[in-house]
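This report refers to the structure that appears directly beneath it.
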Amino acid sequence: MNSNLIWLVALPLIGSAVAAIVVRYKFLDRLITFLTFATTLFVLFSVHVGQSYSWGLNFLGTTLNLTLNVSHLSIFMLYISIAFGTVLTFYSLIDHSRMKGFLLLLILAANNWIFMSNDMVGFFFAWELMGWASVVSVLGGREREKSRHAALYYMIMSVSGSYSMFFGIFTLWRLTGTFSISANIAYLSSIVGIHPWWVLGIVSLFFVTFMIKAGIFPFHTWVPLAYAYSPDAFTPFLSAVMSKYGIYGMLLFMPLSLMERGFPSAFGGVPWTNYIFVWIGVITAVLGTVLAIFQDDVKKLFAYSSLSNLGYVVAAIALFTPVGITAGIFHAFNHLLFKGTLFITLLAVISRSGTSKLSEMGGLWKKMPITFFTFFVGIASAAGIPPFNGFGSKWLIYQAMIKQHLPFATILLFLASTGAFMYLFKAFHSIFLGQLSHDYDRVKEVSAVGKITEFFLMFAMTFFGVQPGYILKPIGAIVKSMGLKPLPVMANGYVTGMFSNIYVPLISWSLAVSFTLGFILFFVSAKHKYVSQENNYTAGQIPEDWGLTPETYQFSWNFYQPVEKLFAPFFRIKIDGFFRGTGDWTKTIGSAIKEIFVGNAQMYAFFAIVGLIIFVIAGWMA
Amino acid sequence: MTILLKLIQGIGVGALSIAVGLLFIGIGRKITARIQRRYGPPPIQNFFDIFKLLSKRSISHGFAFDLGLIAGFSALLAAVVFLPMGQINIFPHNSSLIMIIYLMTMAYLGMAMGVSSSGNPNATIGIARALTMMMGYEVPFAAVIFSVYIFSRTGSLANIVAAQSGGFLNWNLVRLPFGFVAAEIALQGMLGEKPFDMTIAPSEIASGPMVEMGGKYLGFGMLQHSIGLFIETGIMVDLFLGGASNIWIFIAKQFVLYFAALMINAIMPRFRIEEGVSFMWKFPLLLGVVQALIVVL
Amino acid sequence: MSIFNNAALLIGVPLLFAFSIPLFGLISKQLTKWVTLFVIGFNATFSLYILLAHKYPAVVVMGNWVPPFGENLYIGPVAAFLVSVISIIGLLIAIYNLWAIKLGDVTRFSVLFLMFTAGASGIVLTGDIFNLFIFMEITGISSYALAAYGPRRRALGGAFKFLVVSSIGSTLYLLGVTLIYTQLGTLNIAEIAARINQTTPGLLTFAGILLISGLAVEAELFPFNGWVPDTYTGAVSGVSASLSGIAAISGVYALFRIAMTVLGRDGAYVFTYGKLDLMTVIAILATTTVIIGELSALSQKNVKKMLAYSSMAQMGLVAVGFSIGSKLGVYGGIFQLVNHSIAKSMLFLIIGVLAAAGLGEKVENFRGLWRRSPFLSLAFTIGAFSMLGFPLFAGFWSKFAIVGASIQRGGWYDFVIGLVLFASIVEAFYYLRIVTYIFSSTEVKAPKIKVSLSPAIPIFVLAVAIIAIGVYPNFIGNFSMQSAGEFTHKMTGYVLNVIPTIVAH
Amino acid sequence: MQEFLQNWIYLIASVSLIGVGLYIVLTKENIFKIIVGLNIIESGTNLFMVAIGWHPNAVMPIYTATDHLVANGKVIAADPLPQSLVLTAIVIGLGTTALALTIGIKIFEKYGTLDVRKIKEAEE
């Protein structure tokens, strides 16, 4: 019994209550949020693998044991989520969007509980708590009406998911009589050889939930809306941390290895179920990429990008090989770091420029140089460029896929990766490069708190890029705890794959040397002078009486218009339309059913009598 | 001591790649001129050009512009040391092909950042075309890479070369013919030669990315192009032509590939950008996929 | 059988004061409201004393006629618990009424409100099926009249619909009682329960159907619930709150006292005697009610009407819980019943305050409420979230238990709960729609809404109660569990406590 | 025939009354007719209750002549309980009717109609 675990849940709840009281004073609310995050991180230092805590809840007529249990996976997730949350809340001290700190703290409590819970009651409780708190958080974006719709949409998806899990939890409970997650997983593993379809059915109930939360195809439709229209300070958390709950759930509830015993293999020795799942991941990755390329709203663009990255993660962990799991978790971590960073820099940019439309921005790099560099490192990571942190995991994912001889899936993932480069550059160009509009002449760099955060994030992305071993070692422990053989980690700088190894520090040394050479060459060669941006091929002339402005020269509208035609089939996928259609259909039925209540006393009496007669007839027949 | 040795080796390889690249481009200019019945410049003209460009005063649009062009040059320089070429193989245990490709991406990113920060729309259009084209040729090329990976059971270029040792018949060119053809077409796109030269299409977008470059910036661009040429043909040699036993044979093989590309370049018109991508996704991708299927099954 | 005759005061005192209120009314109209408040306050205190001092199970014997010969009241866990809930909610609504009831005939409103509370308590307490009828009629008549109260004419229309349907329902119930009486010659619930299988199955089935149909009117089950939307919408908010917070409790209680204790057969899952299993019938009705209620609410633009439909659906959910027949299911049902009463009466009270502040009842009128009154907005949100069964709010635990019980029973209940969960998604949509409107902004600057103390107290107390139950469900959960035992084990839980000497046949 | 009538006539009458009442409630549009219908249903119910306590040869249930109450080991006294129940039911019915009439009058005042089909609010 380690009572420090309960503090991980209780502390944020208390902090949330306090913050809720002072919510009208935004800075106090944010400050308490930040302090609570920091304190929780501090408490987390005293938490170690293997600790557990349980308390009884007198409920359902028996004493339910709610258990917290720290596994390798949970401590990893706890560290990355709380650490990122601390950074984000630190930044949010200077932020002016309508994010409510106390809701974030509620999510933190749920976050810690989800990651530690070893019983389905607590897990479900925390899951639902996280669900509604995040839905309410989504309310209050810059565009009120749109954020309202986004919250509703997200809500419906989230609730549908929870109810699916609800069903699954109790089905397991009916079969085993216990709510313990580990016991139920053990039970599922024991019967999978006999009743594979039955197990698959139960596992699917959980999976729908996790896929919805992670935004995996075909449940991805809420993601762009919720990300784009949530408060700007909340989006980093939504994308970086909250999308990982689904991944955590998949890793936890789905020992996909158990499918191996129940189902025949598809290609490459992967069981059918896993194979399908790999393809779901691949489709998500490609779909997210392709849709991201054509977005104009930058938050939407990166929402689709998150979608795509989670597709990578799912495809990797669905393989359920040591490399696959390692790569999946590693990529989840990397995604957390770089996408969190990107959204934080976006927060900085949007707060300064007041718009999230790519076509309205441009040329901000001179105005916000530190944000610019942070963003640059961020997209370099996201594009998987060594030595930044996104590279190792993408590389491992390809290794894992090739190892299972899945060339088509790998090719498509590669396509997604190249496409990622396209949309990342589009965002980069449209925000920071190109012509600076006169509207932004007065834009300033973020204040000191923001700069500190950005420097820290840049450092983190480079550090974990060059020294991936600090992440790969804990992941190795996770893989080992799943009963797989972990990948060897030779030294902190190594990424060890199946086909070859990479010593990342070598790459960074090579880059350092070559950049030195480049700079030397640059400075020994003839002098240059800086000219204004308008001094380009227009020969310094922008004739305003022709109605020309700097924006006229900013190429960001319809950036990849020529390739749109190529991807036309993708835009015909109307998953969103399907969900909305279901909604409309329900509404129509609702209006029809409402007509039962005609407002006439006689009709009501008539219904009652008809009901009675039907019963009497039924009783007669019985 | 080892470190110092490797450092010197690395710098040497960099210089070599620049020299070979520039020479290739020079020869290429000559050959193209001859095909077009011109006299053409001398093959070493490019060395003069570089020297001339680097010693000219020029204008810049700010530090992002500088940094981008330096990054474009330096990242390729950093990538070239991992390429096994004949007996020169500085880091034999660290030559993963995918790593090299991703490292090269940094150069493209730097270049793109630099020229886009100038604010010239033609440059950005050129970059957008380059990225689009990149998506076009990388897909068939990825198919080929993965076929080779699965076929050779290794992802390290050094090991791929080792697996092809023992004569002409062991070359992947012979063993994976479809893959070779696909990769050859993809190489045409990578090199930016016709029919895939819409990135720098001089008559449409004023040479695209190069529009704002002058003086040493253009020099850096040329250097980048020459190293890129060297790496791309080098990768092809390692993948399909069985590497080489020494650097001269390696360069000769590279030249053969470049020569083929030049020939195609000289006689082809230019694709529109979307035609280029869809062409890449039809014929070469089909070949690559067929090759992958053959390897897997 | 322990005897606790003082408990009759729970019905006696309110009735006595109800009929003497006109005397107080001669002094001051304000005084009548305070008298109501104190009388219900006495009820609340006394019933809480019974509940917390564990005075139950006990029997109130009238005129020394021991059951089964005399009429008796039975205070089991169910009665003690539900009477407490009824009187506490009654008390809170009475506090609200201090502020809300100003126009019209205040004196008679007070009379009716006291009668209403007394009747509802009586339904829960009585041990005699004919007395159940009488108390139903007391509650019924007073609630028709209460529903007709108010300045708006739609109150009258609603009240009339309620009256017609409810009269037919009570007639059916009375016929059923009579049929049972012809068979067994007794009206005592305990004795009927013990001897129920001595009846002719055919006649018993017919009687059961009549009884269930009659009671389903008050329990708001389709197709006997046509009155619900119009009446709830028409009545003033305090009355709507009492209908959904008090009458609904007694209605559901009566339905399942008859179905489970009187007609039921003990077992892991309770079934009924007779040719047709009435628990199944109720389950079908309840599921239909949930679906129809939620779907009708979905396209509703009027918030009050939406809440009315939602009440209907929630009562369906409660009935689903009960109809499972296992201890867990009944536990969830009672828990949900209480949670629903708390949350829904609070929501209606909020609507009342808002209406008084001149806010319309349309969904769009809620736009930007957060700026105008954070207190009401938060309370409304808490109530809505409790309805939806979100964690940290009361509704989570009861919904959890009902779903758990359904899936535990399995079989066709999997489909039942599947439909119910689907309906819950619909419910989530329309409640969340209001909540999102509340927190969205408006262009027009509207003045702040002042909430005076008397309506603020009940709303605050109920909101705190929702969170308290949500965080610490054990307190209510324990009582629900004991109550569930009384329903599912009719001999040990009910009959033998009333008539210790009786032998089940 | 007579015996049949004696045994069944009250039951038949009560069921008919309930039927007639229901017919009125369900078909007539006038509020007062509906109230009358409800009353008729109630009368039917009351009749039914009285009928079950009675049989043709019953005696008064009063202990004046003890030997009359029980014949051949069977109780031949009429059951007094239903009558008391009916009294209660009548009182309740009266209350309901009075209230219904009041509401009816009020409805006429406010809606200006007695047609039950027209007592509807416009969709709000």
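Per-chain residue numbering starts at 1, and chain names A, B, C and D are given in the order in which the chains are listed.
As a convention for this text, a residue touches a chain if its C-beta (ideal position, glycine included) is under 8 Å from a C-beta of that chain, and two chains touch if they have at least 3 such contacts.
Note that the coordinates shown come from a computational prediction; the quantities given were computed from them, not determined experimentally.
Trainee: Looking only at C-beta pairs that count as contacts, which pair of chains has more of them, A-C or A-B?
Mentor: A-B
Trainee: For chain B and chain D, let me know how many angstrom lie between their CA-based centres, rounded off.
Mentor: Taking the average C-alpha coordinate of chain B and of chain D, the gap between them is 100 Å.
Trainee: Just the number, please: Cα centre separation of chain A and chain C in whole Å.
Mentor: Computed from C-alpha means, the inter-chain centre distance equals 44 Å.
Trainee: Counting only Cα atoms for the centres, state how far chain A is from chain B in Å.
Mentor: 35
Trainee: At what distance in angstrom does the C-alpha mean of chain D lie from that of chain A?
Mentor: Computed from C-alpha means, the inter-chain centre distance equals 69 Å.
Trainee: Going by the touch rule set out above, which residues of chain C reach two or more other chains?
Mentor: 157, 160, 164, 168, 230
Trainee: Would you mind listing the residues of chain A that make contact with two or more other chains?
Mentor: 599-602, 605, 609
Trainee: Could you check chain D for residues that touch two or more other chains and list them?
Mentor: 22, 25, 34, 116, 119-121
Trainee: By the document's touch rule, what are all the touching chain pairs in this structure?
Mentor: A-B, A-C, A-D, C-D
Trainee: Can you tell me which positions in chain B touch chain A when the two form their complex?
Mentor: Going by the criterion above, the answer is residues 7, 10-11, 14, 54-62, 64, 66, 70-71, 73-75, 77-78, 81-82, 91, 93-96, 98-99, 102-103, 105-106, 108-109, 112-113, 116-122, 124-125, 127-129, 131-132, 134-135, 138-139, 142-143, 146-147, 149-150, 153-156, 159, 206, 211-212, 215-217, 219-220, 272-274, 277-278, 281, 288-289, 292-293, 295-296.
Trainee: Under the stated contact criterion, what part of chain D meets chain C in this complex?
Mentor: Interface residues on chain D, with respect to chain C: 18, 22, 25, 31, 34, 38, 41-42, 45, 48-49, 52, 79, 81-82, 85, 88-89, 92, 95-96, 99-100, 103-104, 106-107, 110-111, 116, 119-121, 124.
Trainee: Applying the document's contact rule, which stretches of chain A touch chain D when the two form their complex?
Mentor: Those in contact with chain D are residues 599-602, 605-606, 609.
Trainee: Would you pull the chain A residues touching chain B in the complex into a rising list?
Mentor: That would be residues 267-268, 363, 365-366, 372, 376, 379-380, 383-386, 391, 394-395, 398-399, 402, 405, 407-408, 410-411, 414-415, 418-419, 421-422, 425-426, 428-429, 432-436, 497-503, 506-507, 510-511, 513-515, 517-519, 521-522, 525-531, 533-537, 550, 553-556, 559-560, 562-563, 565-566 of chain A.
Trainee: Mind pulling up the chain A residues that touch chain C in the complex?
Mentor: Residues 57-61, 121, 124-126, 128-129, 131-132, 135-136, 139-140, 144-145, 148, 151-152, 155-156, 159-160, 163, 166-167, 170-171, 173-174, 583, 586-587, 589-591, 593-594, 596-597, 599-605, 607-612, 615-616, 618-619, 622 of chain A touch chain C in their complex.
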